[in-house]
Every structure is written in structure tokens, then in C-alpha cells.
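Here come two complexes built around subunit A, the first alongside subunit B, the second alongside subunit C.
Now for the complex of A and B:
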């Protein structure tokens, strides 16, 4: 019990308390001895900053589309990989690949792939006749956001696949046999048996993916640095920008605390809506 | 009503031949049990009849209609699974009515039919519950309800009682039999439990290694086993199977002549089968008995099993009253009831014609 308490206090409670403390002081790292207590000035600064609201909107787009795409593609791939085919285990293993490669490697590769002038993506699409002129993947606002989302979906869909596949493998095959005898076709079997059984695990996956994507920093930073302009800023980039580029540690901490509050409220609401854990309580 | 005709049915999984050119007719309205040890192919046969597996060869007909090739939903069958396979996210009413729902039965009619079945099964008060809130016996009833509600041509049951405790199993055996008599639906029931097969069936199909060994009423497979497998598989405690010889038309065991004549054309080497209930204890030296030593004594409630070694490694078990006392290594003798002796050809394993096993007068040993 003691090791648990110590590690929780050291690595969980203290950083949060420190972040909250920091959000109430003005702290410029160049003048570390001068930390006046400023009440809610940092929060007011954040809430009055148009860039915060722009970043917030972009964070919602970034998180919403990424999570939805990961959930849908993840379930689809998991269903495919659940088929009892010869050699399927090789594919199940390969699937982990995007998840294993470090983000910095992926981001740098993607910047080459998506380079408007010399990237292979434009080259292939042009050769195939799908596009007639080069697409500026990373240097127009919409395309930059789409590319960042694509990268995130590519890298983290395997997580969804693994979790969903694990759940699929625990659904007794007799249930499908019973449904076949009852006359249910493949679509009805998916809707009435598979999907309800996946509901709980999907609730968990969506919460995790939402939290992790909302807080994601390195993919956007490495791929677009928030650009072009500020068109791919999310709140993590905003907080980093305030703290590290503008040396406003207090403001950075305040935006971090706001993110914490948003995620906490959002997760609780979502879990309530999906009824996660209700079945267990009923039993 | 529908009979089931199976012709030349084979099923292989890879190189493993699970069913070997099987022929079987299940008469209409009968309760037929597929009985055999694990891996004998009985569940595979049931799944082929259900349409959950595709045969490698052969055909299956329900009445005049050829069904192999049809999906399970178009065969108008109902199946009860070993694990019951209730849909965990649906309540009991929807579980029972799901087959009707899939077939587009109107909601009002569905509710009425589910209610009627639930009433028969005495589960009306459970209709709103989820399967996880039910006991094993209640789940069993819901599974039965789901099978009954569609008024299928054929009921298929895959060891439906094996997950129940012993007491409940005995009660459900009676109920299943009762439902069958009431509904009169052709039923194919898979079990490895010979007690279930004996108590519930009109016909028992004994299977081993993908081949039908014998088809008959419970009385027939018990009293007249067709071969060594059936003889050894049916009956508790199992039948004694001991080597015997045909010496000039007379059956002898370890050189002791028995008051039984071998049928004409019987081979010189025989296997003699006799149930422990048909073996009695005797005093050594009495004519027609086989002497030996008591090797093991077991009390099984009202009876006692006495295992007598009549030759090295050759033992005969007698089931006698519990009041009969015997000590290990006592010199005793066993008497085999001549009318209950079965003779088998050790080469083919087949039973020799029973009519020919005649009793002959004992002659002094």
C-alpha cells in the first residue's frame, strides 16, 4: 500500500497540484525569483485570447474526426482480422507496426511523402490521373489539418483494433450459431450480437482515444508546427507556445488546467451517456 | 411431421474424417438420441443436420425436401446449445422471440406467442430479465422456450443438460421427455450420458469414430449389443468382456466348460460378454462355475461389486447385494447366467447371432 501511495503522490498528485499552483502565479523562467500571485489573471488572459479559441475549435475537429475514424476503421479491421484464415496471425502482428514506430520517425517520413514538390503521394496521384495538379498537403490550412488527422488515424487505429479484436475473440461462437438457426443474416448478426457486445469496450476505447488525441502534441508539432499560420494549433500546442515561446509559464499552466477540466467533464458525460458499467451493477 | 433421412454423409476437417459415409433415418415424431464418447462425431452430425457445417459428401433430407446446402435459417429447425447460447444483451422475452423478430412476425403476435411459451415453461415472471440474472435451470428453460416458440419441424439438442447440477438434471430429463410427448416434434438429442439416452429416447443411435455402431430402442441396445463397442459402452458398471474358446461347439472360459453352446460356424477364439448383474457368487467346485480369487471389493450403495480374478489379468465383476461379504484373496467361484451371455467374434468385434446361443446341460468338469 505504501509504495502505491508514494508513487501516486509523487507522479500524479504533485504534478497536478503544481500545475494548478503555477496557473495562479506569473512566472517567467528568466526571472525565477519573481512569482507574484495573480489570482485568475492567467485564466482571463487565456479566455480573452482569440488564439485560444481558435486552437480549441481546431482541437475539437482534430480530436473528433481522429477518434471517429479510428473507431470505425478499427472495428472494421478487427472484424476482418477476426476471420479464421490461414496466416491471419501474420497480419495481426504486422498491424502493430504503426504503433511501434516512434512518432518522430513517422512524422519526418510523412513530411517527405506529403511534400508538394518531391513527395511520392503527389507523384502517385498525378501518375494515376486522380489529381491534375500538385496538392499542397501541408501548406494549406484544411489540407494540413487533414494530413495531421490522417497521420494520427494511421498510427493509433491499431490500438482500437487490438482492443476490439480481443473482445471479439471472447464472444462465444455458439451465439452466432444460435442466431443463424434463428434465421439472422450476417448484417443482423453484426447488429444484434457483435455490436451490443462491443458497446462497452468501444466506450472505453473512445474515452481513451479522445483524451490522448485531445492532449496530443508531438504529431502536430513535428508535422506542421501548428502551421500554416496557426491553422493546426490545438490546445496542447497553444499551451506549449505560451509557456515555451512566450515564456508565460502561468498562462501555459492555466490552459493545461482548462484542458484537464474539459476532459474530465467530457469523459464523465460520455460514460454516463453510454451507460458503461451499468450492466455489471445490475447483475 | 418430418422424418430425417441421411444418406452417405461424410465430413472431414482437413485430413481428419469425422463422419464416414453415415446412413441414418430418424422417424417422424420420435425422440432419437445420438450417444457416444467424446470425439465420436455426434455433435458434428447434429451441426450438419442444423446446417452449421457443410457436409463433404452425402445428402440430408427432411421429409421430401433436400436440405443440405440450405442455410440453417431456412431449414425450420430449432436448436438448444450446450451453453444455451442466450443473447446476453437481450432480455428473456426478446431472446425467446428473436427468431420470430428476424422472420418479421408482427409485434403483437410475437408477444402473444412468447407469452404462451413462457407460461408453459413457467418463466412468465422472468421475461424482463437479462440472461446473466438467471440461474442455470432458468437459462435452460429460456433456451427451450426459444426453440419451442417457432414451432419448428425438428428440435436439435446438443447436450443441453450437461451444465446443470445432478438433481436439476434428473428433473429436466423428465420435463424434456414430457415436452416431447406433448409437442410430438421430431427430436435429435446429442449426449455422452447413457442414462439420459436410456431414460428419454425412443431410439438410441450409438456412435463411435464417425460410424453408427447400432440403432435400436434403449432396451435393444442394452439387452442385445450389436458389437463389442456397444457392449462395453452401454451399461453401468460396464459389461465383463473376457476371452473364451469354442471347443467343439461348447463354450469354455480358462478351460472351464460353461452350460452354453457356441453357434454353428463360430470361430475357435471368442469373447464372452456378461453384465455384472448376471454374475453370481458360488462355492468353488460347483459344476458350471469358474473358480478364482477375490481381487477387489467395492460398495456402491445397495449393491457390492466383487471383482474375481479367474486367471492372471482376467477378471470378472459380479454385482451382488451389499449384505454379501467377501474378503480379498478369498477362494471363490463365479456363476454366469447362461441366458444372459453374449458372444462376440474377436476379429470383427460383431456379436454372434443371439438365437444360436443355446443353453446346454452342464457336464461335470
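Now for the complex of A and C:
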């Protein structure tokens, strides 16, 4: 049993330990034998780099809008899918589909759908009269960010739907029956029963989605490469760029560790919100 | 519920389903068009002429010898990439599931120091984005003399999938009562017999859910393949198809045909396993 757990520990802990070590050395992969210990130089480099702060601000926009949209649309869809209608299970299954589509595929499709010259989205919007000239979706900063957010919402709203739907199904119907007897209308019932019952699970979902969206790499990189310019960089792209393009492994690792710190803060929030880790809740 | 309310709900759900399905339907439509029709404006929604040219180029392009000196087009490697992706997804899933099942079982059935910390470390590992540990992992692979091998990719994917497989299996085994196993042990069964004949059958739904998630994650990954692999013939599909953008002229038909072919295995798996997938979602086995 011991070797097994050692190997588990190796896979879980080793990469993190190694990332932290790297963040304190200067490491150029072209000279792997020369790794001077540089204290906090890499962290200072990151914190003094304007691109880091630009990436950070853009990450906040990207995360904030994506998460809010996912939560609102997700809860709305979950409420609809909770209705006892014929064929509702088929819809439930279909809505899960985006989750299994590889990010590369979605990014390719998005580049094609939102192609400025011959993309179908421009064609549909033009013929519906919503826009009067072609929109350069992926080559203007705001539109590129909007396209990336749209991709993210498309792919990950199902996550919110599934979790909220599961919680909706456990709300005792007696609560609604009693409220109806007392003469509460649909809006009252939603505000006074459904929302309070959903509050906890919704908080958890929002924390999870915030953490994951904040650190997303592939969704942005494959769609826009961070561009045009650096207008869609987030911290994950920044870290990747430092390590891969600039061969500054130490700087990349340092920005990774900063992301890790932010993530731990988010996780602590999650633990506070749910009481996760208390023995009585663990089962 | 009134008939109008029901109609409204169907209308909204129908619209959402359209938005969900449209990107892939459009990819299928594009992949079946001849090249001149792809570039036509306004675009045709349904192909006027249907051709399987793009699919043929991807599936059999490797067999066609290119003209000397012309260089090999990326599409010639498509089937290599496909096989690579199958090998690394299945390989890493097999390792993750085996290790996770055994480890989770021992975590719930034996006592040892530090035992309570393991699931929490696992859930932390499962929240950490890959971009943080892909470079340390890569440097380790270099030190082990493994970069640019499928094995390095398998080990990389074990790193991403093991934490949530372990977490899921741990949650699963906690729910299985220990009394039956104790009774079997009293009756003289060995630990191994108990594991194979009592524990495994009960754990099967959990194993299936964890396997699906592990397959999806490793099939869909781009980052590890991008950082670890170099040779054209050893890339996974996700990294390979991005090379279709290398030239000056983008072949959207080829691109959309590869999107369809890449999604197909996951869609088939999804169709068969949807029930388990939902069960897994419920148990929190979601990385994304």
C-alpha cells in the first residue's frame, strides 16, 4: 500500500513543489545546468511588468462577465428544465453536449463562425439588419474579448445547469404546496422558497466557476492567441508566454505561484461558504 | 401549467438547443462543401454540392505520396495524430483509474498517518490549473529523458486526471458499507478476493463515471501536447490540427472535417454513457 500512496503523492505534490522551487531560480531551458537562486527577483519582475497588470485586469473582466452570464443563464435554464414537461429529458441531455466538445474544436468553429469576411454570424446579423457592416470579431480588442467570453459561456453554462438542477430536485414539494395554500404567487414562491434553497449551491458554483474561469488558458489562447496585441491576455496566457516564448521558466513559475495564491484564497472562501471539511458534512 | 406557458418554455428551450447545436451543424455543413462553395458569399446554409473530399484527405492523406520537394502537408499526419490521441487517452485513463481505485479503497478501509489529508490534497490538485504545473512537469520529463514521447504525455495526463478520479472514487467507497466485506473476511476470504468479488462490482458505476471524465479530459487537452511534444508524427490530435493554420491560406473544409472527426469519439461515448455522466456530475467529478 505504501508504494501506491507514494506514487499518488508524487503525482499530486511533486509538480507543485517543483513549480515553487522554479519560481525562486533563474532557469533558461537552453542552459539547464545553470540555475542560480535569485530570491524574489522573478516575483519582482512579474509585479513590475505592465503586461502582468494588463493581463490581471483583463482576467477580471473575462472572469466577471463569464461567471455572471453563466450563473444567470444557468439558473434560468435549470428552472425551465425542472418543469414537468414531456420530452424534457431530451433537452437535459442535449444541453450537456458542449461540455464534451474539445476546446480546440470549439475554438476552430468559433474562428470560422466569427470570420470577418465570410463568417456565418456576420451574414446572419447583416441579413437580419442588426448590423449594417461586417464586424471584425476577432481582430478588434473588445469584440475579441466578447467572442472569447461567448465561447466560455457556451461551453460551461451546462455545468451550472446540472448542479442547480440537481439541487432543485431535492427541494421538498410540500414547501410549494403550503405556499400555494397560503396564496403565494409564482414570483413570491420563487423569491421566498426557490432562491433561499438555491443560495448555498449557487455560492459554491460561482466560486468554482470563478476560480476555473480566472485560470483558463486554452479557451483564449486557441481563439485569439491573446490578441489582437495583448488585449485578451489573462494570467494563464501571461505565464505561458513567459515560459514558452521568452524562455523565462522562473518568471513563468512565479506568475503561476501568484495564480496559485489567488486560487487558495478562493478555495478558503469556498470552505467557509460550505463548511466543507467538517466531519459531519464530509459524507 | 397553462398551455401557453408550456409553449413558451418549449420555444425558449428550442432556441437554446439551436444555439448549442449550431456550431457543430455548421461545421458538418462546411466540411461537406467543395472549396469554392465554402468561400461563396452569401454562404449557403446547406451544401449545394456534397463532397467527401476533406474527409478523404484527412483519412487517407497519409497514404498519398506527395510530390518530391513539395513537403508533407499537415493533413497527411491526421491518422497518426488520431492513433496517438487514442493511445494516450486510454493509457492515462487506465493508469489513473487503477491507481485511484486502489488508493481510494485503502484510504477508506485502512488506518494510517496523514490519511485524512489525502482527499483534501486531491481536491486541491483538481482545482489547480494545468498551466501552473505543465512547465515543471516538462522539465522533469527532460530530466528523465522522456520529452517528445507518448509516455511523457500519458504521465502528464495522469497528473491532471488522477486527483479527480481519486476524489470521486474516495467519495464512492465511503458510501459502500464495510460490513459485507468484514463478514467475507470472517468467512475466510482473502483481502484480494474481497476486493475483486465484492468491492469492484459495487464500485463499477464510480469507475465508469471516473473513466469517462478522464477520457474526455485527456482527449480534449491541448496544453500538455503543445509543451511536451515536438515531432509532427507524435502530436495528439488537438495540437496537430492547429498546424492547419500554418500556411498562408486556411482550408476551412479540412478544418471543419477534423472538428467533426475529433468530436465523434467523444459524442459516441457521450451517447452511450450519458446516464453515468450525469451521475458523475452529481458526485462533483467535473473539471473545467
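As a convention for this text, the second predicted complex is superposed on the first by the 258 of 283 C-alpha atoms of A that agree within 3 Å, B and C clash if a C-alpha of one lies under 4 Å from a C-alpha of the other, contacts with A are read in each partner's own complex, and residues count from 1 in each chain.
Simple rule for what comes next: contacts are C-beta pairs under 8 Å (C-beta built on N, C-alpha and C of every residue); 3 or more make two chains touch, one makes a residue touch a chain.
Owing to the predicted nature of the structure, the values given are computational and were not obtained by experimental measurement.
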Clash or fit (per the criteria above) of subunit B with subunit C on subunit A: fit
Which of subunit B and subunit C A:259 touches, first, second, both or neither: second
Which superposed partner A:39 touches (first subunit B, second subunit C, both, neither): neither
Subunit B versus subunit C as contact partner of A:184, first or second or both or neither: first
Dominant toucher of subunit A (residue count), subunit B or subunit C: C
First (subunit B), second (subunit C), both or neither touched by A:197: first
Subunit B versus subunit C as contact partner of A:172, first or second or both or neither: first
CA minimum distance (subunit B, subunit C), superposed complexes, angstrom: 10
Subunit B and subunit C footprints on subunit A, overlapping residues: 283
Interfacial residue positions of subunit B with respect to subunit A in the complex: 47, 50-52, 71-74, 77-79, 81-83, 85-90, 98-99, 102-103, 130, 132-133, 146, 150
Complex contacts: residues of subunit C adjacent to subunit A: 1, 6, 9-10, 12-13, 16-17, 19-21, 23-24, 26-27, 30, 38-43, 99, 102-103, 106, 110, 112, 118, 120-122, 124-125, 127-133, 135-137, 139-140, 142, 158-159, 162-163, 166, 174-175, 216, 219-220, 222-223, 227, 237-238, 241-242, 252, 255-256, 258-259, 262-263, 266-267, 269-270, 274, 277-278, 281-282, 286, 288
Touching residues on subunit A, where the partner in the complex is subunit C: 1, 4-5, 7-8, 11-16, 18-19, 22, 27, 29, 32, 77, 80-81, 83, 85, 91, 93-106, 108-110, 112-113, 117-118, 120, 123, 127, 154-156, 159, 162-163, 166, 208, 211-212, 215-218, 221-222, 236, 239-240, 243-244, 249, 252-253, 256-257, 259-260, 263, 267, 277, 283
Footprint of subunit B on subunit A - complex, ascending: 172, 174-175, 177-185, 188, 192-193, 196-197, 199, 279, 282-283
